[in-house]
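Take a look at the structures listed below.
Next come two complexes built around chain A: one with chain B, the other with chain C.
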Partner chain A sequence: MSQDFASVGQQFAKFYYEKFDSDRSQLAPLYRDFSMLTFEGQPFQGTQAIIEKLTSLSFQKVAHQVSSMDVQPSSDGKILVHVCGFLQVDGGENHLPYNQVFQLVPEGSTYYVLNDMFRLNLA
Partner chain B sequence: MDDAGIQTSASCPPTTISSSSTMAAPPITPSDIEIATRAADHFTRLYYTTYDSDTRLADLPQFYRPTSVLTWNGEPFSGVDGTRALIENMPPTKHEVQSFDCHPIPGTQPPSLLVTVSGNVTHGKGPAGNPTNTPAKTIEGHPRVFSQTFMLVPDPTAPPTKPGEVAKYYIGADIVRFVG
Partner chain C sequence: MSQDFASVGQQFAKFYYEKFDSDRSQLAPLYRDFSMLTFEGQPFQGTQAIIEKLTSLSFQKVAHQVSSMDVQPSSDGKILVHVCGFLQVDGGENHLPYNQVFQLVPEGSTYYVLNDMFRLNLA
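After this line comes the complex of A and B, so read on.
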């Protein structure tokens, strides 16, 4: 049981970034009407607002490279995923460090994203 | 307390919950968001001040409970004892918070808070801060960028003690990573 959350977290992140990097609009099923996204400090709530934000980001191509991923169980079967990595945008040379936190909630045989916080880490 | 260096993004989302929502979780209210922002701001200042203080070995574990789960650059620790073990071996630190984001988590009143912090941390005191008998290979501080995420849980056994305070929170989950 204790290994399950780690592999759920990892599988989720892999799936999420594959979709994000190929076609961000396909992320819609991962969110719900009460899901929350904070993107570079800007808040969004609900699938529609979230997907609108993600698909309106101005780059054409993006590639996420995950450097580290930490997964912890949260209350009631929820899962916390903390990702550090780099973004490469439009094939440019810069690899921008970012971190992202997800909280996943079980629903039937799958999970959805209740919380999503994304920051570029340019500190 | 001085605000310099903390760029607080009060980034808790708006409260509209669509009527097609099917989950049983109660909606987030404006009051929840105000609580969340205030509590997260207060918490991060207090936490890092404590971490950077001389009394951290006594004071920092009090933020945690036996059920707390910590991961420090991939290394797991658990509970109050785990926190102590981590802090005992940690050189002195100086944290500088650049930003934090928080989400209130529906389901309890007051809500739990998911907080993620970005900043830098310097370990060690550097040569100027070392006593004269310090061995030559003591760590000199270079700032490291860190990313830390907390799940703050309201403590049912610790009612608020100050006016305006809504709840005392403890750290249920804690993940730290140094970046780069």
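After this line comes the complex of A and C, so read on.
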């Protein structure tokens, strides 16, 4: 297992959450029309449906804090990323635990998101 | 997105955790020599290394309780499974939250595990 996939995963997550926390409509270029998002069990497919879901989330301000990230290579240069962390919503005191899984697919010199699965860990 | 992948993912997780909770050495046939496990951030590759890790975990008795499972198709018939749940260890009162990601690869009439990432969510 080379270490390259790990730095790709880390750079992706840093970029993704920075965009998400500043202007999540800017995440559109990361998805394709066959990309899938499962958000709290609800399925969405395609850039438009995914971005509509993400931008319709009711909070005004959000900050992701990553506590662990695991990265593994998949087949054909794909990369799996598993993030555990906390969400701070609208500047509140609560830090909500969440989990997110991405599968990244190489395309030219960059990667797009084929799979995206998000869950809050609310006991 | 067909629904077949969802039932494969559900059947896999049921089988996997039943074996894990009864005799985890029996999980060996699910892995291959190129399979990867990241367990609490520690990487293992290959059936032998993975099973050695799983069987060396210090608890005697464990029960997995799945609280949510998301399943998505990946490329070439592969299937991504994201499980959130709780672990009850050695019959104790504590139910430890965990997350696990699997990528399943079709092989003949069955599937093997290419990717496996496990995390306890200890805040």
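Assume the second predicted complex is superposed on the first by the 122 of 123 C-alpha atoms of A that agree within 3 Å, B and C clash if a C-alpha of one lies under 4 Å from a C-alpha of the other, contacts with A are read in each partner's own complex, and residues count from 1 in each chain.
To be clear about the criterion, a residue touches a chain if its C-beta (ideal position, glycine included) is under 8 Å from a C-beta of that chain, and two chains touch if they have at least 3 such contacts.
Predicted model only: the values in this text are computed from it and were never measured.
Chemist: So, does A:32 touch the first partner chain B, the second partner chain C, both, or neither?
Modeler: first
Chemist: Tell me the contact category for A:97 with respect to chain B and chain C: first, second, both or neither.
Modeler: In the superposition, A:97 contacts both chain B and chain C.
Chemist: Of the two partner chains, chain B (first) and chain C (second), which one does A:44 touch, if any: first, second, both, or neither?
Modeler: The first partner, chain B, only.
Chemist: Which chain A residues contact chain B in one complex and chain C in the other?
Modeler: 36, 38, 41, 43, 45, 68, 70, 72-76, 80, 82, 84, 97, 99, 101, 103, 114-115, 117, 119, 121, 123
Chemist: Show which residues of chain C lie in contact with chain A when the two form their complex.
Modeler: My answer: residues 1, 36, 38, 41, 43, 45, 68, 70, 72-76, 78, 80, 82, 84, 97, 99, 101, 103, 105, 114-115, 117, 119, 121, 123.
Chemist: Mind listing the chain B positions that touch chain A in their complex?
Modeler: Result: residues 9, 11-18, 20-21, 23, 25, 27-28, 69, 71, 74, 98-99, 101, 103, 105-107, 112, 114, 116, 118-120, 145, 147, 149, 151, 153, 172-173, 175, 177, 179-180 of chain B touch chain A.
Chemist: Flag every residue of chain A that touches chain B in the complex, lowest number first.
Modeler: Per the stated touch rule, the residues are 32-34, 36-38, 41-46, 67-68, 70, 72-76, 80, 82, 84, 97, 99, 101, 103, 114-115, 117, 119, 121, 123.
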